[in-house]
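What follows is a set of structures for review.
Here chain A shows up in two complexes: once beside chain B, once beside chain C.
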Partner chain A sequence: MAPKNLKRIINQIDDLPTLPRTVLKITELVNNPKSSAREISSVITDDQVLTARLLKLVNSSFYGFPQKISTITGAIVLLGFDAIRNLLLTTSVFDMFSSRSRENRMIQESFWDHSLGCAIGAKVIGTYLRYEKVEELFVSGLLHDIGKIVEMLFLPDDFAEVRNVVKIRNILIITAEEEVMGFTHPDVGRLLAEKWNLPLKLVNILEHHHQPEQAGRFIQETSIIHLADILCRAIDLGSGGDRKIPSLNSEAWASLKLKPNVIEPILHEMEREFQDISWVVTGK
Partner chain B sequence: MNLIDLEKAKPGMMLAKSVYTLQEVLLLKPDVRLTEKNIHIMKSWGIHEIWIGDAAGEGVVGHTEMEHELRAFIDDELRAKFSETLPDPLMEEILRVAGNLLEKRLLKKEKKHGAQKP
Partner chain C sequence: MGGNRKIVMADTDDNIDNIENSEKSIAMLERGYQAILEFIDQMDEISRLQDKIDITANINQIWNVFLNELQNLIKMDGCALFLVDDQDHEFVLQSASPLSISSVCQNEIEHQIECGMFSWIINRRKPALLPALVLKSEKTIIMLPLVTAKHTLGVVLIITAIEESAITQENMKLLAMLAKQCSLVMENSLLYDRLRKDHESLRKAQRQILQAEKLASIGRLTAGASHEILNPLNILSGYIQMLTLQGNPDERTARYLTIMSEQTERISRIVNGLYQFSHAAGSNMDTVQINALLRKVLQLFEHEHKYDNIHNVMNLEENLPAIQGNVDTLSQVFFIMLSNARDAMPKGGELRISSKSVLSENLAEGTGIWIEIQFRDTGHGIPEAEIDRIFDPFFTTKASKNGTGLGLSLSYGIILNHGGTIHVESQVNKGTIFTIRLPCY
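This part shows the complex of A and B:
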């Protein structure tokens, strides 16, 4: 992206949302190697809504722990600091971007469904690859298109024009963004992720999920999100904002070292899991 | 549940009935999902036909006219959506599986809707 366009985004989105104080505090604690589970637990339990939501998530079928987890400290010990930070981040992001406009709410819901589908796809692909931190992939999938939500809420006129161009010419939304605004949702996503001090891996995934070959040492994770995005578009889990599907990047596919016959079981698993967990994350 | 020619069996389909050899040896139990390997084994034992459940939503014979129309609609939509990504064997595979899944999802919805009608 040209520097002048970067400047334009910053000028136009001068009020990018900030993360809730609790999540910022937890991010800070997680980044500090001297922090203890008890310290993190005491910050979370100060917020009753976060506490309830976290316990609901760790007791959901997504994690599949055999016994019920009834304390935040227990959840932290079982899942680890990073996983807890990611869970809190995910649930907070859903709240922060809730829209009052009825039309926006409908578009947003289909975007969230798409993001959830991508998150599930990323988790399923990660499981096939025996990727160690599948929950990290899940969060990356959920946030991969956050730039579109920011555009919709903070650049409503430009975004309406983008949607109009997509509708008339039946092209990918990323192509229309480039034409109308000179920047794209991955650019906006990267800015937001940097503002929130998210891990470098997540910043790279958000920025390069349409060009995973540019993600450097994060090519595998970015390729997983790239493939998951394509798969959930193929089976209509939510909407990415257009009626087209991006091409599968050959370098991305090669980096995953998967065989074509895994596509079928992966898609079947995505379909099954989508029905299972959508209520846990979105509350629908 | 449908009886299909083994030649039409595809990986991912679900067996609806046990498969026995001519010597009455049990080869596969119901609810087993077919793989390239077990299709090959059945062929090598001289099996010609198998019973398939609709769990995988594919290879089902005896479609109604409505089901044919639905499938044609899904295929048209998918072809339009995938138009700029083809020909690519991987995208073709994604398209094929997506078509089967969407058909299964819509038929399920249709049945549910039909069952709710007075």
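This part shows the complex of A and C:
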């Protein structure tokens, strides 16, 4: 990555949206092991909209909870503190980037569909692998291409050029980014994640989802996102901004220890859950 | 965090405000830092739990260690452990502390299963707090699934008066870690236990195969030999009879002839024994009333040996079901049992003979009703070193005059042919118990 270009992003980064105060506050609270469910719930319930969103999400088929959860405290003690933080992140990320630009609306929506598809894919794969924190995978999937959104909103000219190159030469968007700007959406994603004080795991996943073998001890999580990214392109959930499917990294595949015959059921499950959940998260 | 950045960008008017804010932030971070250190300490302690438990410990011993730890971790009114049953895969109450909460916990779990909450929590594999359904409303219950990567072992139910909103992240995390440790240790112990049982049953099977192999090879050997011996023996006993019938032998000759006749009889008995041994018994299966047969054999035996100073005690369960068996061979077994008992008590003693029906739940034996016959003597017993060999052919402890060394191995074969088992327990100078079990089909 050319230093000049990286600097350009950093210069712009103070203009980037920040996470809502509520989410920052919750992150701080969750970082303290002594925080009680009451403290966290009182911060959330201060925000009526967030409360409603969160309750809608925990009662959605994403959790398949057998009974209605009617209080935030109930949700926290049932789902766990980390899960709630990740859910808040999920809902607020959607808010932050929606309806900013009218002209980009179409592509933005298909980006979000792709992100949501990847999030669901990550959750489904995680469930197959009996991964412990599926909410974390979900958020990672949702955010994996956030760099593209940032480019679109904050570097519109460069991004238009990238899109153009992709269209003419039919190459991967990441290749075009490298050529046009000298940096890629994983680079931007990493910077944003760091700025938002997201956990190290998320930062690594965002940065390495095209080369999971470089993600060090987070290789399994990163590989899950990597695979989910590929799978939701295969079943056409949204668009990643190009018409090519990135190739499956062999080390990533090996690290997952999945049998090839589970891919089919995973794809079916992804399609089913996508229908179920897209309205809950996007509020459409 | 947010505060620090603001200072850099702030206007001078806001400075004082901001300094106050950042001081608050710093204090909060400081507290968070302390809390994390404390948390790490506790984590460290939990991670060392494994050292306290030996792999050979059973589930209850393991549970006691963890229960102790749980009680240190969270203030609780009670705690119950449910484990998944191997056979029907249900959650079975294993332990409750205090015991008085057993039925409440059982009830609570049943309700939670019914409303779907239970399986949700088990599938999620994480501790969860939930409103109690059966217990009083001011109580909260915590469910800790005990799961490993491959197995669901069970669930811990904790009843606490702590309000759900007072639960901290630390509580949840430590409970989760403890549950994980507990699952791992329990799984290890269960695997170890299963391995030990498998190993034992394999060894038992190996012993049986060895025994069967011995019998088979002896059988092949004797089948031919016994036939060869019986032919000249018949000729011999024919001539003895002829001599007895011819003329009037004097007293001395008559006595010799009687001895010769008796001894050829004896040879014939031994060789017949060998022959039977080599041929599978059970060709003529009949309905056999065990009690009647026992009485008949005992009567014959007593008649023959009424001079023995042995007290027989019969304790037969009435109305036993009949079994399918061969009357001849079974009588032979009983006869062998009786004569062995007598030989074991040269100075007299007591022989208790009992029969009863038992319900076997042992899958290896086959479930169903079995008849158990016991011969319990007060004789000299069998030394431990020899007990493994007593069913071996030609193994005998008796003086050469009495024993052929075939009785018990013959019995072993006959009982095996009836689908039954024969088993011996013995203590030197106390006595011996032979237990025969025959299946009722």
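We adopt the following convention: the second predicted complex is superposed on the first by the 274 of 284 C-alpha atoms of A that agree within 3 Å, B and C clash if a C-alpha of one lies under 4 Å from a C-alpha of the other, contacts with A are read in each partner's own complex, and residues count from 1 in each chain.
Methods note: a residue touches a chain if its C-beta (ideal position, glycine included) is under 8 Å from a C-beta of that chain, and two chains touch if they have at least 3 such contacts.
The structure presented is a predicted model; accordingly, all values stated were derived computationally and were not measured.
Taken together through their common chain A, the two structures put chain B and chain C side by side without a clash. By the document's definition of touching, of the two partners only chain B reaches A:245; chain C does not.
Of the two partner chains placed around the shared chain by superposition, chain C is the only one that A:80 touches, whereas chain B remains out of contact. By the touch criterion defined above, A:159 reaches neither chain B nor chain C. When the two complexes are overlaid on their common chain A, residue A:261 makes contact with chain B while staying clear of chain C.
When the two complexes are overlaid on their common chain A, residue A:218 makes contact with neither chain B nor chain C. In the overlay built on the shared chain, the residue A:32 is in contact with chain C alone; chain B does not reach it. Taking chain A as the reference, the larger set of touched residues comes from C, when chain B and chain C are compared.
In the superposition on chain A, contact of A:231 is made with chain B only, not with chain C.
Superposition on the common chain A brings chain B within a closest Cα-Cα distance of 22 Å of chain C. By the touch rule above, chain A contacts chain C in their complex via residues 21, 24, 28, 30-38, 41, 64-67, 73-74, 77-81, 130, 132, 197. Per the touch definition, chain C reaches chain A in the complex via residues 1-2, 28, 31-32, 35-36, 38-39, 115-117, 120, 125-131, 149, 164-170, 172-173.
Contact residues on chain B toward chain A in their complex (touch as defined above): 11-12, 36, 56, 78, 80-85, 88-91, 93-95, 97-98, 101-102, 105.
Here chain A touches chain B in the complex through residues 230-231, 233-236, 243-248, 253, 260-261, 263-265, 267-268, 271, going by the rule given at the top.
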